[in-house]
């Protein structure tokens, strides 16, 4: 595959992880996150092991750790929520650095931070090693309804086109000396949004004409078919299976 | 409001996933019916539009800005079915491509941000559009109210899910108050922008606004002497719309009841409930009676977490069963109505 | 297919059409395009050019009762049961390549038409490669369309239609928004193709350069039909149909290279 399909998170490289079929990776990541979510929060060491597992995958995928860590910032709003917990959750108080914090609150914060971070890291790894197009094929292979896959692929194809139109409209506004500074200017922005909707909808109609002209009858023709060998499934399953082992150990020990 | 992994426990995540999947399945059929083979390109472009509009920042004051969530806007512009699909696809792509919102929380995110906002907004919108005079300004006003309510409704839905499967025992009263409080504020912004945007579209291409389709002037026939005879158009109001409106209203009422119930209960009372690990729930009369979640901890099961989870699964399962039941009944009635339709036409 | 050379690529006769809102766009169009011809369809805005084009592959009309007259593509009437074959035979290149290129990659976009017609596997790849080769875009197969320049997108749009091996290529404003170099490259490509071409355009020098014959559609009927050079020199006809040559352009002074 060429250099196409770079989305923000994708990092082009050749690695065993990049070469796994997309539906295997999607299934593996989903099962992994599910296992993580089902792990008892008291098994602190288990989350450490999960992090090591992900680090190993990142290493195999040649995804730099700095890149991975930067992408984790997306969770920040929920970190704030988690940090509030020790203060608002009722329960036994413990003194930490002179603050009186609730113990269940601390556990709750830990639970959300650990599981949320591992979830984001796993998703980032998936996105970093899988091209957009492949992700869609993978979702289709995993029995996502074809209409939904089509909608998603149109959204991705035209996301940039629509965003570009929005940018041009902003430039047009600003060239006429308008900058939105407060609530008073919402009307103008909303008019732009309305115009953007009309343009998008009309483009949708034209795209439909172009599709019909080339023989579209409501079903996307099969052009690429992704398949996975047993060996590839086994490789992809390594991550969730290892995690499952950790999780089960966690449940028996706590 | 993109919920990450680990916020909601695994059983409830899976159950909401099932709820979201069935809602999306219903909408896929609905969208096919509304848009036939144009469904894919049109819904795709509208999803791209919602995606872009979420990036459009609206300055609030002194450097802060907010952005549109888009559920109400999508519902009013393209109809409830296509609206749900568009927002769901946006959420799915945000989760898979940008790690925004956890994969296991996808069901939660789709349920509250795509399904609840869209359905509640559309139901309110239809109701108001019916009640208000048939004017363009009514469309704008209805859009305002619909968007205003849809955001706290989503927050309420989230609180409900959190009550069933939240991983931390934050008192639900506090969660409800905080979530709904904050989202009422967000809802005001959402409402203003949605109303203005819908107003802008109605002014230029009223035919594109799904929710304003009833506004077109009826055909009229002019007689030679100048008298005007309005053409009798068969009142074939699309039944699915009524169904959606009904479901949405019930949903909105249930949420409202739930939220107000918890928000008005004193947090201290609830703290006690949470703290007493379910054994004392029976004695806390006011917290246990009349609540839709009265049994959110199953009796006779010692372990609080387990019982909570179990109750969650049972509760969601029951909701699913009821929901499916409603759809089956509606489907059957529609089938009967359809088979009866040709007869009534020939009469 | 065993069609004699005498069967015209396109035969439109007595075509009239009104939109559902009552606006009538075509008032009896007769047009025959022989195989291998390149014809320019000229006319002012609102003359019904787009309406006519949408009839050629049955998006409008097609025996749904909203119009009269008939369209035949290589002898095959444009009617509901024939639509799939008609759409394979008539390749329309729309004005905005972003509308035409709706798939995630160039390769998949070019493959869309043939795949919808049932082609699979190696034969499909072969077809896609050949079509991209003909417009000089074979190196861009795996690129997403929005990463290409406008001229490149227009060329890929032509390839998406060529991949269906059409009987007739219909281009809507092919030279619009192109810089001079892209414009010339596209002209070279179009000249190198051995298919029938119907080109809707306002770009009169382009019509003169590429098409030996032009027809003027005005007010929903064919108002003039003849060699492009002669039509462009006929000042009365030109003025009557709101057609104007660019400043300083004299069709008489153009020495045709053919």
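Here the chain labels run A, B and C in written order, and each chain numbers its own residues starting at 1.
One rule holds in what follows: contacts are C-beta pairs under 8 Å (C-beta built on N, C-alpha and C of every residue); 3 or more make two chains touch, one makes a residue touch a chain.
Just so it is clear, the model here is predicted, and its values are computed rather than measured.
Contact with both chain A and chain B is made by no chain of the assembly. Contact analysis places A-B first among chain pairs (by count of C-beta pairs in contact). Mean C-alpha positions place chain A and chain B at a centre distance of 23 Å. The centroid of the Cα atoms in chain B and the matching centroid in chain C are 46 Å apart. Each chain gets a centre from the mean of its Cα atoms; for chain A and chain C, those two points are 43 Å apart. Shared contact sites, meaning residues of chain B that touch two or more other chains, fall at 41. Within chain A, contacts with two or more other chains are made by residues 132, 153-154, 156-158, 161, 203, 207, 211-212, 216-217.
Across the assembly, chain C contributes 102 as residues in contact with two or more other chains. Considering their complex, residues 7-9, 26, 29-30, 33-34, 36-38, 41, 71, 74-75, 78, 85, 88-91, 104-105, 107-109, 111-112, 114-116, 118-120, 122-124, 126-127, 132, 135, 139, 145, 147-148, 150-159, 161-163, 165-166, 180-183, 185-187, 189-198, 200-201, 203-205, 207-208, 211-212, 216-218, 220 of chain A touch chain B.
Taken in their complex, chain C has these residues touching chain A: 54, 57, 59, 84, 87-88, 90-92, 94, 96, 98-100, 102-105, 108, 111-113, 115-117, 120, 124, 141-147, 160-161, 164. Residues 1-5, 132-133, 136, 153-154, 156-158, 160-161, 203, 206-207, 209-217, 221-224 of chain A are the ones that touch chain C when the two sit in their complex. Interface residues of chain B, counted against chain A in their complex, comprise 3-7, 9-10, 13-14, 24-25, 28, 31-32, 36-49, 51-53, 55-56, 58-61, 68, 77-78, 85-86, 88-90, 92-93, 95-100, 102-105, 167-171, 174, 192-193, 196-201, 203-205, 208, 271, 274-275.
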